[in-house]
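Order as written gives the chain letters A, B, C and D; numbering starts at 1 within each chain.
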Amino acid sequence: MNDSGTGRLETFSDGVFAIAATLLVLELSVRQAHGDLGSELLHLWPAYLAYATSFLTIGIIWVNHHAIFALIARPDRTLLFVNTLFLLVVAFIPFPTRLVAHYLTGPDERAAVLAYDCTLLLMAILYNVLWRYPRARLLRPDAPPAAVATIDRSFAPGIPIYLIVLGVAFASPTASVALTLAAAVFYVPSSWLMRRREPRAAA
Amino acid sequence: MNDSGTGRLETFSDGVFAIAATLLVLELSVRQAHGDLGSELLHLWPAYLAYATSFLTIGIIWVNHHAIFALIARPDRTLLFVNTLFLLVVAFIPFPTRLVAHYLTGPDERAAVLAYDCTLLLMAILYNVLWRYPRARLLRPDAPPAAVATIDRSFAPGIPIYLIVLGVAFASPTASVALTLAAAVFYVPSSWLMRRREPRAAA
Amino acid sequence: MNDSGTGRLETFSDGVFAIAATLLVLELSVRQAHGDLGSELLHLWPAYLAYATSFLTIGIIWVNHHAIFALIARPDRTLLFVNTLFLLVVAFIPFPTRLVAHYLTGPDERAAVLAYDCTLLLMAILYNVLWRYPRARLLRPDAPPAAVATIDRSFAPGIPIYLIVLGVAFASPTASVALTLAAAVFYVPSSWLMRRREPRAAA
Amino acid sequence: MNDSGTGRLETFSDGVFAIAATLLVLELSVRQAHGDLGSELLHLWPAYLAYATSFLTIGIIWVNHHAIFALIARPDRTLLFVNTLFLLVVAFIPFPTRLVAHYLTGPDERAAVLAYDCTLLLMAILYNVLWRYPRARLLRPDAPPAAVATIDRSFAPGIPIYLIVLGVAFASPTASVALTLAAAVFYVPSSWLMRRREPRAAA
């Protein structure tokens, strides 16, 4: 839409984020194994947990993605490739979300949660590359150092958090998903405010 | 797209609204329980009712969402978090819609409609927070008082309506869904006009 | 996005058109009834026909929708309501498309095609209201008469075509779908050119 | 959104690309045929391969589509028609992707991969028409010859590559899909950079 060098890339990325988040609901289904619908809906709590966790996580991803591209002067071929791989992993999230929704509290719960956690870890790794690569060579000349430092701080905990989450899955798959949800809840507000404030102040 | 402080938030929200409304059709399915396809399609009326109700309801939500953000100067972290939770509930609507479509007129109809009504009530509560919070502290200095008063009036009936709808579900699940549809039909036109007229008049 | 009075309405509508068109592919499925996959894929021609017909039809709808709103000064509550009902029917198209894809050439083909044709006829009726209502009272003062006349001509054949298509379904369901496809193929180019040329010439 | 003569066409096309790419994940499913979920997920590698191949391919399509329309002055009816047919084929990609995901390494793998390869070949043919037709008569007067030559080079290998991929499918369906993935991986970066650089340099 805009022609600022990163606009088209962001438009396509935004579409993928919004669609991936909204498709999550299609992974919810009633299995009719526990008698009446009322108790069935209560037994679906792992599905609600998986839905909320993935929705909020994609929400954070979207916010931070804009924060990065607001500081980039012009994408190059490496950045485009990393961004496409990154979107590929984000758009994949509904699949392990469905696994968690179906298998949590069942005998296969560990495999389901490990698949989920590995997907998020891979996302976090690619996300770090998506920031560290342009940070080293594609920043706008007028990118405010405070904004750069804020994004640095904002991305630092990503990989460690998802490594911990992955480790917790071996002890308790449910705790692992709950921890992912908690990380998303605490992450959303901070990242947004940082982005809105600092680049403007410097403009 | 635009950089007016709320633009990106609206773009992501718009995507979620349009996708959630359009995904509703995927919840319709033919069960082939009543012999030929023609009579089967006539027996599907609960599915059509659920589809129309949810589609129009999401349509209203979308219109009012724009009305709010047109008056906000700059989102803060609390608003972002409330908006993300709100979108999470809106994107969830296709799931209870499917329950209503499948179970209405069957033995599990009450549980299905209660799940639907609770989702809409939760949406209405979050929607009120999404208006009352920025109304108290984030309004644009030039927000016309008439526009603010109009949105106040527009949001006032939301929670009471969905509480009534929820109560009616205990007496008649079908009447509860029909009432939700009626609320949407009468709500759409009024909210839109109010928003278009007054902020402009003051500009 | 833009604030020309119809911009937000068009953004939401565009989203619904693009999503409804792209969801059509989810209605395609292999039933594995004819032995090997190769011959199964050849037996799926009714599904390909239904997919192509609905995709091109939604493509036309999208083009003409923009042509209307380019000439409207400011939507009122009636127009908003008609547009929402219209989108509700457009977003419904994937459902009867799936019926045609599954039932064409089978014993239930007539019911499936009648459901499809009735959906398109209802769409055409609402589409005519969506043009005739604002044409009478909401046109921009500078709307070029030639552009208005062009849209008049462009909308005139809609309802008659879908009535004929509906009548043909009683004689041959397959011919009815083929006729709908033919109408879409011949309609796409003409409507677009008309719209692009005349409003500009007058501007 | 913009009114540069091609803006609306690109908005609708972008929506179709983003949705088609993101819908691919819905085609992944666990069949529970190999015992526990962990080994089932490892046996799903054909599904991951199909997903990644189609996602990256649609990513390339999207990038090149913008490159074309940046050089076109004004679409005519033929171009609109070709673009709609082209989008119809792009939006169809999730269907043969599902076939590859389900049937690769099984007895029906050749038919599945041939359906996939034929879809991509048809896409490549329509894509070439979508470039060669406006290139001959609809270019902007200020379209830089270097940019035109770059797109020429960028489109030249498309049809040959997908013909080779189709031929390889007769020898090895898996190798055919892997080759399609390799083509996408090497194609993404080059096409993007070309587009960003040259039109700007001439502006």
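Quick notes on this structure:
Throughout what follows, a residue touches a chain if its C-beta (ideal position, glycine included) is under 8 Å from a C-beta of that chain, and two chains touch if they have at least 3 such contacts.
Small disclaimer: the values here were computed from a predicted structure and weren't measured.
Traced through touching neighbours, the fewest hops from chain A to chain C number 2.
Common neighbours of chain B and chain C under the contact definition above are absent.
Fitting chain A to chain D on Cα positions gives a rotation angle of 90°, stated in steps of 5.
Both chain A and chain B derive from one sequence, and where they touch, under half of the residue numbers involved are common to the two copies. Relative to the C-alpha centre of chain A, the farthest chain centre belongs to C. Look at where the CA atoms of chain C average out and do the same for chain D: the two points lie 25 Å apart.
Computed from the mean C-alpha positions, the centre of chain B lies at a distance of 36 Å from the centre of chain D. In chain A, the positions touching at least two other chains are 1, 15, 19, 23, 26. Every pair of chains in contact is given here: A-B, A-D, B-C, C-D. Here chain D touches chain A in the complex through residues 1-2, 14-15, 17-19, 21-26, 28, 30, 36-38, 41, 51-52, 55-56, 59, 62-63, 66, 185, 188-190, 192-193, 196, going by the rule given at the top. Only residues 1, 5, 8, 11-12, 15-16, 19-20, 23, 26, 74-78, 80-81, 84, 87-88, 91-95, 99, 103, 107-108, 110-112, 114-115 of chain B touch chain A when the two sit together in their complex.
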